[in-house]
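Here chain A shows up in two complexes: once beside chain B, once beside chain C.
On to the complex of A and B.
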């Protein structure tokens, strides 16, 4: 008979959101792995009812301070679909540019301040800076570029104020955009260097044949639109999302989880899925760098997501530079439209993966129903499954070490529990067997 | 010299960041301070900042920044503990100072909200209200904004480290528009704007982008909310538009709440 053992390690840190991990063991047999997200519910879908469509992007931005643009983009596209609004091609370009800013800010925050410290045995980005001062400085400067782009286009980097249904409140200043070009030229090279740096880390040998899901667009790397593709099943249009994927609730989490309707199976969204499904649409420099680094796709090692993020940062720098050089003139800043009753959905690629919104609106422009499915809800089941497979290899007498390894795996997903708080408590409970 | 330096290091003040119901955006503003972040990391011991560091030490803390509002029975207890451990407790952002956007439940039917979003509301343990930190514990300073202004955040930390009382302008956004030369969107274009009753701190951001202020820095000092709503109503902004404008990220801040409630009850009477 094995002694029962219960180990509690407080805090999965360096993630966005609050939760705990509960592992129950009988001997060496894993009885349960539960990612317990206890971020307090805020009921966005309930209080969005009765709000005007123009308020929706300002409100949904507040779901997440790290990826507010993603929430603004998915909600705006869904509402425009409901109101049958077609925006100008300049609006489309500038929205992509805005999203580039958020990808840079969010990805560089994750790779440099949250995830790289795991590979280097540091407790934080600042601590990492003591041994790697140049790398940290470079990362902070890259992150700042993302924020500067958000500032110019959106007014500020956290909860930008310039995006609206039909376009922008004010046409972004072409002069201010073009002033960013020299910084972004430097940034593109620096992002390439940063990706070479993270690609040199040691990665655990941990592979899984995931079902990967992302948007896909024939002409561009997926961001604001496309169909939903999978490496296992046929592509579907976004309006089929709720028929193919479902959200459900488990007792141990305030975040709803999602799975495949057909087989209740888990799937993976995010940078690794995106790059595996869309590698040929990466920018020229990102593609060359992926080849140089021998980044084989499909890559099925979730720890290598940090390289996928790096390659995506290179891609968005190159794409942003391209748009900055064009500096599209937007006139009018936003198109006018009439209210009409209807329903519309949209999915965009948040830094952490596919983000789905659907709204029913009435003839006076008020929301009657809202549905929001964030990427972390979709990855949650896959994280639990990965932990189950990963644990046997890292279980040891030192539960602190086991905990650190589990956190490292969870961080590879860049979970945005924040959509929750920052307190993942690891609790390994060992039962008598 | 060496011992002097090490004694100085021992005396580094301890900084803590705690999160309650929120979006993370305000504490992210600290990470967005970029160059200043490294300087802050040198000036203080970051004792508890889970988003940024896996190393944390227990209290007491010299300066605690609190983000988020109180929405669960557990958090109602946790904030008491955080207060006990903190020499100075400063709230950052609209959630912590006024309950945030999630305070809209205060006007709704909480149980219906739960049923609407979650198939199994019985798994949840939440309060029917979202309330500001100052409703629960003594708060030494409130930094406004949704999100906070990162320069103000850095200034606040610097002030407290130097034992200075933080001072930020409490005048309205209107003054910021005048300073930046932004033409008044309400007067010149009839756009509903909360600028006259909203505290400065954003630099007059929204009017500068051709839209009305929606009040993310909360009520300015000695503000006349009903004066503004009277003016807006006179200029054909309907109550159906004005009430939601007052009820967003600072909905439960007293002057906004009272005026929103007054207008809303008038609206109900008119319908009857």
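On to the complex of A and C.
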């Protein structure tokens, strides 16, 4: 008789938000692998209906405490597209700088406190700090730099409030920006050292021929704009996103999953996809470091995302330094614009992958419809597929060990469950009277 | 003209949000900021992990946090580090660690101020958008007095305010 057993990770730790994992086995046969995101749905798209376009960036920033800038940037670009607003080149540069801050604080936090402990056999960042205090201290200092950028540009380090449709509410202080340069010069070297450190970890031999998706821009590493590229299919413009990709509900999760419309297939977004598709647009130092570390692309081992994050941190330090040295003056801080009825969409690269927004606005500047598709929704199906392939190699009698190995894989995606729980299908049964 | 100074050696941090009783620590900071005789650096934080960016070089850290527990709403307690906080409400986001974990990390890398004090006030209503519960609100002045008293022996001598 075949023995059935269930492995339940009731609460995933060291990921953003609340999720669980359910694995059902019949003997050695994996019957089900379900990433169960049970954090309550958050209805942000419904909250946005009837709000003025100026409120949208600040409301969407509240979706996530780790990547608020991503939500602000995708919403602002989408609304500016709807209103046909063209911002200045200085605004564009300062928005990239703001995004650099978010990539630093998010990637560094994930690397040092959430993911590195898995590779080092530590149960937590705290435990890791006891054996690797210098590395942790370096990570905390790097993370602080990201938060400092958010503070100077965004008005505060968490849930920044200074970005708006048309520019910034207040022009960032050039003096305060330039004062950050010495810290960022130190940070660039420290980020290189941190990336060398994580590249020395032992990685499971776990390859997969993913379809990788990211933005791509001809002149720069993707962040705020570009077309959507794939390693498997032709590039598309962002306004075709909803024709090519779709969200749908699964019974076991309050977060929607996403797949390719044509083949219902999974795909991967995030730093590994970005770097595979845009390696030649990394900064000079990041490129040299990738060569030194023999980081071959395409890299198809999701565990090596931690190196991709490190290389991206090096890139954004170098780019941030370039912009800080220019210290672009913003005058006016925000351009004026007229309301008009329209529809606009945009995608930007959140630290954990492509983030798509679309808004329909009316002639009075109120939102009539909103659509937000976060990266964790897009990766969720791929995570489940990876778990199915990964499990046979790590299944053992010790369910706790199996669970830890699965969490290690899940954390490679740096999932942001808080971002993903934004919708729940509502069925209304209407009884005839 | 009266010259005032701000003491940056000590940080008073309120951890919370603008929602329900979770805003208790922030409201006490508002009161302290309006007190012209209070010269210490005060910061409103949304998550304990933010402390890691702002405690380096401090001698003293005073945290104010609203908590869930079996005590009646408005109950005030003081804890001197090291303490374990089994009574703290469940952390909803593991990207944002709980206060004790953050303090332990800070300690492990030598960032923790020599003196760390936590003042807690029990809350009951954490509803988004709700006002602070009256039992909590009525005791905010007591918490303000405790903090003021706590820091009364710290000299005000650092940075011009």
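One rule holds for everything that comes next: the second predicted complex is superposed on the first by the 414 of 433 C-alpha atoms of A that agree within 3 Å, B and C clash if a C-alpha of one lies under 4 Å from a C-alpha of the other, contacts with A are read in each partner's own complex, and residues count from 1 in each chain.
Methods note: a residue touches a chain if its C-beta (ideal position, glycine included) is under 8 Å from a C-beta of that chain, and two chains touch if they have at least 3 such contacts.
Here the structure is a predicted model, which is why all the values come from computation and not from measurement.
When both complexes are overlaid on chain A, chain B and chain C end up clashing with each other.
Contacts of A:248 after superposition on the shared chain: chain B is touched, whereas chain C is not.
In the overlay built on the shared chain, the residue A:333 is in contact with chain B alone; chain C does not reach it. In the overlay built on the shared chain, the residue A:179 is in contact with neither chain B nor chain C. Once the two complexes are overlaid on the shared chain, A:147 sits against chain B and chain C alike.
Residues 13-18, 65-66, 109, 113, 124-126, 129, 136, 140, 143-144, 147, 157-159, 418 of chain A are contacted both by chain B in one complex and by chain C in the other.
Those residues of chain A that touch chain C in the shared complex are 12-18, 65-66, 109-110, 113-114, 124-126, 129-130, 133, 136-137, 140, 143-144, 147-148, 157-159, 416, 418. Touching chain A in their complex are the following residues of chain C: 45-47, 49-50, 52-53, 92-97, 101, 104-105, 108-111.
In the complex of the two chains, the chain B residues touching chain A come out as 19-29, 31-32, 34-35, 37-38, 41, 46, 50-56, 68, 71-72, 75, 100-102, 104-105, 108, 112-114, 116-120, 123-124, 126, 130, 146-147, 202, 205-206, 208-211, 214, 216, 241, 244, 248-249.
On the side of chain A, the complex with chain B involves touching residues 11, 13-18, 39-47, 50-52, 55, 58-59, 62-66, 68, 109, 113, 117, 123-127, 129, 136, 140-141, 143-144, 147, 155-159, 161-162, 164, 169-170, 248-251, 254, 256, 333, 407, 418-419, 421-423.
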